[in-house]
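Okay, here's the structure, questions in a sec.
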Amino acid sequence: MRELADLTRDDVADLAARSVLVLPVGAVEQHGPHLPLITDTMIVCTVAQRAVTALGDRVPTVLAPTLPFGHSEHHLFACAASLKPATLTAVLSDLIESLHTSGFTRFFLINGHGGNDETVRSVSKSIVNRLPVAVATANYWQLGGPGAPPRDGADVPGHAGWWETCLAMATRPELVHTEKFTAEPLGPRGLHSYEPTPGLNVQRHGEWARSGGTTDPAAGAAGMIGAAIIQAKVDGLVDALVRFDELTGSTR
Amino acid sequence: MRELADLTRDDVADLAARSVLVLPVGAVEQHGPHLPLITDTMIVCTVAQRAVTALGDRVPTVLAPTLPFGHSEHHLFACAASLKPATLTAVLSDLIESLHTSGFTRFFLINGHGGNDETVRSVSKSIVNRLPVAVATANYWQLGGPGAPPRDGADVPGHAGWWETCLAMATRPELVHTEKFTAEPLGPRGLHSYEPTPGLNVQRHGEWARSGGTTDPAAGAAGMIGAAIIQAKVDGLVDALVRFDELTGSTR
Amino acid sequence: MRELADLTRDDVADLAARSVLVLPVGAVEQHGPHLPLITDTMIVCTVAQRAVTALGDRVPTVLAPTLPFGHSEHHLFACAASLKPATLTAVLSDLIESLHTSGFTRFFLINGHGGNDETVRSVSKSIVNRLPVAVATANYWQLGGPGAPPRDGADVPGHAGWWETCLAMATRPELVHTEKFTAEPLGPRGLHSYEPTPGLNVQRHGEWARSGGTTDPAAGAAGMIGAAIIQAKVDGLVDALVRFDELTGSTR
Amino acid sequence: MRELADLTRDDVADLAARSVLVLPVGAVEQHGPHLPLITDTMIVCTVAQRAVTALGDRVPTVLAPTLPFGHSEHHLFACAASLKPATLTAVLSDLIESLHTSGFTRFFLINGHGGNDETVRSVSKSIVNRLPVAVATANYWQLGGPGAPPRDGADVPGHAGWWETCLAMATRPELVHTEKFTAEPLGPRGLHSYEPTPGLNVQRHGEWARSGGTTDPAAGAAGMIGAAIIQAKVDGLVDALVRFDELTGSTR
Amino acid sequence: MRELADLTRDDVADLAARSVLVLPVGAVEQHGPHLPLITDTMIVCTVAQRAVTALGDRVPTVLAPTLPFGHSEHHLFACAASLKPATLTAVLSDLIESLHTSGFTRFFLINGHGGNDETVRSVSKSIVNRLPVAVATANYWQLGGPGAPPRDGADVPGHAGWWETCLAMATRPELVHTEKFTAEPLGPRGLHSYEPTPGLNVQRHGEWARSGGTTDPAAGAAGMIGAAIIQAKVDGLVDALVRFDELTGSTR
Amino acid sequence: MRELADLTRDDVADLAARSVLVLPVGAVEQHGPHLPLITDTMIVCTVAQRAVTALGDRVPTVLAPTLPFGHSEHHLFACAASLKPATLTAVLSDLIESLHTSGFTRFFLINGHGGNDETVRSVSKSIVNRLPVAVATANYWQLGGPGAPPRDGADVPGHAGWWETCLAMATRPELVHTEKFTAEPLGPRGLHSYEPTPGLNVQRHGEWARSGGTTDPAAGAAGMIGAAIIQAKVDGLVDALVRFDELTGSTR
């Protein structure tokens, strides 16, 4: 695994033109009473590191330091270290632009937090109009197979519910407060967490607070299930990187 | 159908608190050699007007003037009247903010153009953190049923391909240049137009020009098919408005 | 009349270099108890369409979709769908810039709302420093002759007073609530509505609310008078387009 | 004459609530081969100082330091120290906002440069929506009587032509290069310098350079004429300040 | 002394490429009960004028008009005419950029106010990445020798304390209210005014108000001491300009 | 050591009001041919972790995830992942603002990169005017004693020279390419790296490239020396945190 952090400028001069720069994007925000603030960053970082390691030399990749902070304004009813959408847009654009000046032409933004989704996509669409680069984006949870069947009634991926709790337990179990798991939801289902009818998305002021800040109860979560899911996502990211390299490697 | 345009200030004072403000968002951009620049705006406007009319008094709605321009930088290889993402963000935020000052608390942004999708969603998520409002968003093509089976190989919704051409023919056939229909694609398939592997999105500099500016050939498009599809989308929007009203009407 | 909306990309490729792109800019805001919110947009749109039609082939023009929203913060005491000045600046700049990329080099911004005046002018002055274009601007009410003698005491153009009411009655009489006409002003004269001494302009917090939101009473307004005024403005815009074409056509 | 510069914080605490804060806004830009870059700033500063002095105690005024720089991008073909429109907007807004926090509620922006006109007006209209203040604006050349009959063919006020040269000679004659006066224009008449038909304004890329950077020849300019004009403008500003005080003094 | 204000465009065309453009940056803000708001601007302007005069032809300099306003938000508890950091950044960037377009390539920003320090430095570092220019920056109080030994306990330079009062008395004694001098501080020492431990800087909400708005008492201040200090700073600026010219003159 | 990353929302609710939030700010940029891009981030992160650990319970601290990216535009001649100054300003402001909403009132920004210095300070000065918080800032290299005598001729801290190389060797020696150490400088001394005369700072376009990208040769650097220096900086940061807590703990 080649990390941008560890390279010298000479290494970059040698590698940039032919490599895919992988940039994980996380978030620091409340994840219910039982998960740590770092949950999203920790999981996406794990998935990215494992995928890049698994790839080996099949695709030339350089893994950038994870951006630990994302857009989490909706979690400020409890706590978050949040970037506004315009700030996150500027951060991602600046990073791609400066790394392009440094020689990279292919970027893969692997996202770990739903609140970043629109901004990550928007930056990718916009920056290719200005710079001669290719930019792949993916939410890690949408890659690969399911890994394990979801618990009945669990939102996938949801927020701080059964699914994400499984993944956190598989990653850093010592940070998961299993004694705070509940079998009942912490509040009514948030309008933001599902499509009331296909294609319809609803946002409402104060909704995250009303919902208790999680999408579904953590009860039943287990590290072994999380490990299976993570493996599926790692496989999915490996596949996506291979695909991206095939599609953009020869024509650039 | 109540249009914001036609109301007086006294009407607004009477209606705003209980009504859903419906704002269609379009685009003015190249749609291949055969469709007019206004295609997206024209279709979303039609769907919105027909849905609001069909609703009658079941849901109190006020239909705002369509924003005719959207984010279309990727079509500037040929032509577009395009707003930058930050500008479109500001426009939508300003409109919701000022209409909220005017008394509205529920908004439904019905989008007619893929390039607006991330911005429309991002605004909806962000503004509910600042203002005590509920904001629904939907891409018209994701609402309701398919209406008609797609031609084999057609992208749905695609861009200026068979599907969109059907809808344009059902809306303003006199603007459709059937003599320019082709049976073959105008270029290689654009990386932006599909997920090379599930969950993977790829954007690349110059890709829209390379692809010829459409996703698939228009051959076989017909107004009757378009009419069936539009009806399905109108039904879907009616349903979404009813659902949004049920979910947000009583608790506000 | 050639409308940008109706053109294909091939039409634009053919027309852009030699045509004047006409962009009407409107507003959606309170117009007293008797006029619809759309008054400004509706009138400027009418004037622009009729002028472009009347011109025929004398000047090659392409009429863009009207921007329905303008800067109307001062009307938020009652209601408006308003863009902030920086937003309106961005919208107009983006539209000119993208249409210039699409091939146009001559633009005519025809403005329908006093609150847009400074922004429209400022954009025109600023953008010609960046782009090789010519930009004409005009407030429709300042073009051509008076059309009809103003009622005694009426502000011309004023806001939602006798003059504008005449024009609205000539355009869409069904939207004018004649039963709400008054013979007396709705409040004291607003400091913003006149120069207390030549060259002096005064703006004051809350002044629009204090004034009742109109500059002078609507009593006596009539569609026939409005029709004469509109005809004068249409003639004025025709003349301005001819003049602009003469001045910029041969040297570009 | 009370200058903000000379006051202590205790003086401001005593004066702010009842005084009009007068802020002159200038420009530093090419004024042909014969006038100094500071021409606009120098004249508006002179007019403001003389008017405030002449007023004496009739109106409580505090004269702020002149903002020496304005928006002069169009003069960069030769030379200027210029603020972009968004920067000038921010400067004027910040100054009014901070001085309002400091206790002032009435502001008079006296402008000395055509290129600032739209921005000065726009700020005045916009800021009263946010802050409980009254803001007067005026271009000094539009106040009071003509002072002296203009030379035949001279643009009033024009730019670096006969009229402005007279005023510069009346202010700081040692900075005026009379040996560079010409009787002929330095280039064709700039489209920006007149209304080709009433109500029509035209801006064109490169036009200021083509025009030679002045609106009309300086020949015939004389300090005595300039002195008469300046006196008229001082009288006009005195009158405007009295009027503004009458209109806003009692009701605040 | 050559002042930009007094030059014509032909003078600039002749001088710009070889000259150093000197731009003083000041502030308008409360300086305790005894000093005028203009203190910083007045002193930096004096130092700059005297240094440029003393230099004579040794270094080709052009002195720009002083920017009278700086970043003084922290003094708004009493009074200030303040630019926000982003505004001051834009002003300085715009001025350098436009003067570079006008032919200058070497700039010396001489700063008179602590609150501007970070912004001035940041602009100098940033703009050289975009434009082929050299930019020197200095706080006048850090140039040259001390000039005179500071009073025991006086902060150097401090804010509105003994040191700055000396300089104000040497510059415009008529503006200094000696009757308001105190021997005791006006409040507890502000955390912003010293490093509690080397390398540590602390800012706290409301701290300037708590401190009484000055860093130390004015008692004992004298014009003669101020004159000696100013002379030292003038000598320091002369030296800095010579040094800057040596370092950047030959290689450009 | 309490890390924000590991806390749950309940932990934050318990700790925020009384704790100091410590935020390390780094950079990813070229550090000569021998040091990794991550050098600044790695060192500041190490210093911060060790100081917070050493403090134990003496001061209640919460250590935030390190911001790995800073302002490094000047290193783009070789390579960097850089945020523009306005972006870095937004990131730091957003983080403080959101963490303040989450309950924190005391922040300590520990900076690891010279190019961030002005922005970090500027944010701290500015944000305390808006929010009721205290913000400490420090560059780690300016805290505590020297730790070890610098090699003759070495810049302290310099950039990628002897001093920083020592620290990198003490932190992650496996990332230091000792075989690329040189005894001679890689280019002429950069104007940005010293004060040519006290108080004078000079920035010049292209200077970093001319200088070879380091301030002085790495020859002679040793991990043992670096360890002593780091210990001194850790001690300095411990001292600064104790001091900050004493100064702001009781009065808040």
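All chains are identified by letter, namely A, B, C, D, E and F, in their written order; residue positions are counted from 1 within each chain.
Convention: contacts are C-beta pairs under 8 Å (C-beta built on N, C-alpha and C of every residue); 3 or more make two chains touch, one makes a residue touch a chain.
Just so you know, these numbers come straight off a predicted model, no measurement behind them.
Here the CA centre of chain D is 48 Å from the CA centre of chain F. The distance from the centre of chain D to the centre of chain E, each centre being the mean of the chain's C-alpha atoms, comes to 27 Å. Taking the mean of the C-alpha atoms as each chain's centre, chain C and chain F sit 55 Å apart.
Under the contact definition stated at the top, the residues of chain C that touch 2 or more other chains are 73, 76, 84, 86. In terms of inter-chain touching, the protein chains here make up one closed cycle, each touching precisely two others. All the chains close into one ring, and from chain E toward chain F their sequence is E, F, A, B, C, D. Across the interface of their complex, chain E is touched by residues 4-10, 12-13, 16, 28, 30-38, 41-42, 64-69, 72-73, 76, 78-84, 86-87, 90-91, 94-95, 98-99, 101-103, 175, 177, 180, 213 of chain D. Residues 73-74, 76, 84-86, 89, 115, 118-119, 121-122, 124-129, 131-139, 142-144, 191-192, 196-207, 236, 239-240, 243-244, 247-248 of chain C are the ones touching chain D in the complex.
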